[in-house]
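Each of the next two complexes has chain A plus one more chain, namely chain B in the first and chain C in the second.
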Partner chain A sequence: MAATVSDAAAPAHQFPLPKILTNPASTPPTLITQGAEGRLYKTTYLRPDTACALKYRPPKPWRHPALDQRLTRHRILSEARILAKCRRDGLRVPSVYALDESAGWLMLEWIEGTPVRVNINNRLGNRTEGIEDDEQLKDLMRKIGTAVGKMHSIGIIHGDLTTSNMMLKPPSAGSQSDGAAGLEGEIVIIDLGLAGGGVHDEDRAVDLYVLERAFGSTHPRAECIFDEVLEAYKKSFKQAGVALKKLEEVRMRGRKRSMLG
Partner chain B sequence: MPSKKSSWIALGCEGSANKLGIGLIRHTPTSATILSNLRHTFISPPGTGFLPKDTALHHRTEFVALARRAIAEAGISPADVDCICFTQGPGMGAPLTSVAIGARTLALLWDRPLVGVNHCVGHIEMGREVTGADNPVVLYVSGGNSQVIAYAEKRYRIFGETLDIAVGNCLDRFARVLNISNDPAPGYNIEQLAKKGKQLLELPYIVKGMDCSFSGILTSAEALAAQLLERGPDGAGFTVEDLCFSLQETIFAMLVEITERAMAHVGSSQVLIVGGVGCNERLQDMIASMAQERGGSVFAMDERFCIDNGIMIAHAGLLAYRTGFRTPLDESVCTQRFRTDDVYVEWRD
Partner chain C sequence: MSLETVALEHVPSSYRIYLALFRNVRNSGFLHQQLLARNTDFEYAFIDASTIVSRLHLLSAIFKAVNSSANGALKTPNVHSETVVSLSASNNISDAYRRFGVSPSTTDLFVVKITFPSDSTPVPASADAIYKHLKDNVEGDIVPPTDESISSIADVKTVRKNYKLNGLAWLDAVKDEVVKREEIEKLVLSGMALRGL
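Right, the complex of A and B next:
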């Protein structure tokens, strides 16, 4: 969610702004990224010094309007409900400031830092060796595992776990020791637009499987330390072992799936 | 060792599903020329699918005649062929094996090396060649596969795929319930019916991250189809056309969504659509509209290359052959389950 997420690097406002951001009282917004679901703007909430993120899901012209409305409303409301539940149960996620589900936007707390994907890639650089002994990187893996475990323990399934959907919020400004490659800080899970409630081991296992696969395809060279995520996950809540057992089944199914027909 | 050779010819044999395809391609260091690309499709009667046994018999019966015609049309002699490429998987076991036997026979007869090719990689490489897309996100949708793929570090990595049945399988099976013709393809006929549909019926919409699921949608669509057959359009309140329309709108929206998510994730703005379902113009339009909004573009192909064919196997096989890859006879066994990301892509940077 930070300004460093500039893959899209879209020139500001090539898209029509959502109506809420055209209010003369609102701080001029910055388009941060054009994700799959919608656009993320940085603006402010109530006071000019309270930064906030505005997630806007514009209508998708290629989708049937009825289907589009149904999905957008459902996802905004569900994301807000889930974020509220996470905060209540002690998982660090952005807090909800405001929303309008029929206009398609959700206003959230601004999280400083960078997506974990960026931290990992910066850390990896061009290295091909010594990755499995990188204790700091492994420590980050463990933090990811713990955060995902916490989320599952409170009955939430993310639905789109990737290293782009977790932020690494650096410890409060000034105490950064390691520059850009700094791996310390707190994991904040974001983008719960596809999340849902779920306490079944199957759901948890599929969630982990999505993360495992996304991790492997995004950071192929760091795949060797992914086990650290699962190790930490295992220790994070009582039922974790069962979910991991199920993960083995899901993996098997994944390998065999749909090669016929 | 620098080789002086500057032209290669490969013969490709494809038969992982109900299409038998044989094609010949010529590569030079800078170009690829299609010499011939023939296909013979096994079409089952309405209401039925193609069974492995019958499909294998079809391939065995047609192989020799099709191979002769492909050679004749290319205007070359067997001595000009450098290698025999064949689909080693994934696909249906019996048809794959039938075609592999054909390929092995040619290899032994002409004393040429075999090159086993992953069917999915064949689609991707042919797509890149035909469209000129350099490094696209690939949406591979067919009767047996539904995957969103991007290239990274010598492999085609699968970002998302179906959690159960393939999207084409969903369409094919739906067509059977309504006795929609399999000629030329069930998906084509659904597409034509869908053009006349007006009403969007509510079907499940199942996307999990970059993966999606079609089996629940199929069940719902089948239940609605049963209602329709029982009560007729007036009693049910919708028509066959509405149902085809709703099914297409729902499953294609899911495909566009996972493709868009993969594009956002890898930061790419090009999409390439391959596989039989990629012929569907509604799907192509939806993807194009999405890509355009992201400031990118879509590369789609026509049915000569989207639908399974021999030329893509020849093309991908020849790329591998030129890097030194060979499949020894005793390792030329087919496999029904051959992951796209199992292939080491030596020929790309």
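Right, the complex of A and C next:
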């Protein structure tokens, strides 16, 4: 009996917290998601009313400690650098608040709203008809295309574009019009953990291809309006047309490049 | 009016952080001299307030310094010099002192005092003792370090230069001054976090 009680009370946190989160704070951190490489907590930055996201890459016991430290350090810094660059160049991504590359954490601006995946799915509901005429949904597609275009134009390749890695940040309180049923707001691209620099049409095309495939499997009923994404992308920067041409090639052969040469 | 005790999220409980803002400082040359002479009675972070855009900006530097101190990873002699250096967007220590630290021409001054029990001082100085020492040694008018007073003191031109924020067309195009300040603040924070890495 006693054992059952303590069992139920025990796993308040399934994982040990990173040391920084064991220091006192006004609200306890919440584990938002766990990925293959790390965990994402919602916590606070300096002030109780400033929410932030803490991305933590715990030590991997199966790796040699020296190698583990180097990889973690490298990945934290690489993501932070890319976020900082995006922000400087005017692309909406979470801004970097603080980091400790040796301890393996990165504190980022908390983005309000929901992943675009959720907005699209809510909008679709169980509709099967009239999707290609949904102007507001198509407008959201165009916003996605413009955001991805902006990212590519500043020389960044995301590496894992999906509708889960984009947030729709609702307009700030006060300008709430419910006409578009939760589709208004700005696109904020998140999780640039696999991102890198790249200005080749090939890289851009593969990025788009990954998004296209992910979109097709996450939102099969909305596949008919995905072209809106590409249309907006095309208008967003000068070399977009060439990248789209390349996309056709990538579609024929898949994501992996030819190993010749 | 007295010293503000600052509570920050995720700071070890043994640390105390005090903050004061002085305007119309008349003896900054003297204060600068105490630092150069490494006078141990003047273990403070003296920061030229014109280089600070917001409370969050200054508090971020404090947080970074405290975190380094708690991890035993200081790159400078103590947590106070570390606070000044944490403001920098590069790894150059003397450059950071010059840009953000007190200089003989400073008129508006932030004073940060961070205490924690150590082997040499098991019982850190009290807020009253710190306040009295500052009142006796800083010739200036103490004002509340609110975001309003900070933004009236901030020299945005210098800030943009310090964090290499010039020539960003999209930033210049922001019409709303409040939004612009927030954008600058965010860019400053990420510049500090990355410190040129």
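Structural remarks
The working rule: the second predicted complex is superposed on the first by the 219 of 261 C-alpha atoms of A that agree within 3 Å, B and C clash if a C-alpha of one lies under 4 Å from a C-alpha of the other, contacts with A are read in each partner's own complex, and residues count from 1 in each chain.
Just so we're on the same page, a residue touches a chain if its C-beta (ideal position, glycine included) is under 8 Å from a C-beta of that chain, and two chains touch if they have at least 3 such contacts.
For clarity, every value in this text was computed on a predicted model and none was experimentally measured.
Legend: residue contacts after superposition of the two complexes on their common chain; A:23 is shown touching chain C, with no touch to chain B. By the touch criterion defined above, A:214 reaches chain B but does not reach chain C.
When the two structures are aligned on the shared chain, A:48 is found in touch with chain C, with no touch to chain B. After overlaying the two complexes on the shared chain, residue contacts for A:36 are found with chain B alone; chain C is out of touch.
Using the contact criterion defined above for the overlaid structures, shared-chain residue A:206 touches chain B, although it does not reach chain C.
Legend: residue contacts after superposition of the two complexes on their common chain; A:67 is shown touching chain B, with no touch to chain C. Residue overlap on chain A between the chain B contacts of one complex and the chain C contacts of the other is empty. Residues 17, 89-92, 143-146, 150, 152-153, 155, 157-159, 161-166, 168-169, 172, 200, 202, 205, 207-211, 249-250, 253, 256-257, 260-267, 285-287, 289-290, 293-295, 336-339 of chain B are the ones touching chain A in the complex. Per the touch definition, chain A reaches chain C in the complex via residues 20-21, 23-26, 43-48, 50, 77, 80-81, 83-84, 87-90, 95-103, 107, 109. If you check the complex, the residues on chain A that touch chain B are 7-8, 10, 33-37, 60-64, 66-67, 70-71, 159-162, 164, 194, 206, 210, 213-214, 216-218, 220-221, 255-261. Partner chain A is touched in their complex by these residues of chain C: 8-13, 56, 59-60, 63-64, 67, 71, 73, 165, 168-171, 186-187, 189-191, 193-194, 197.
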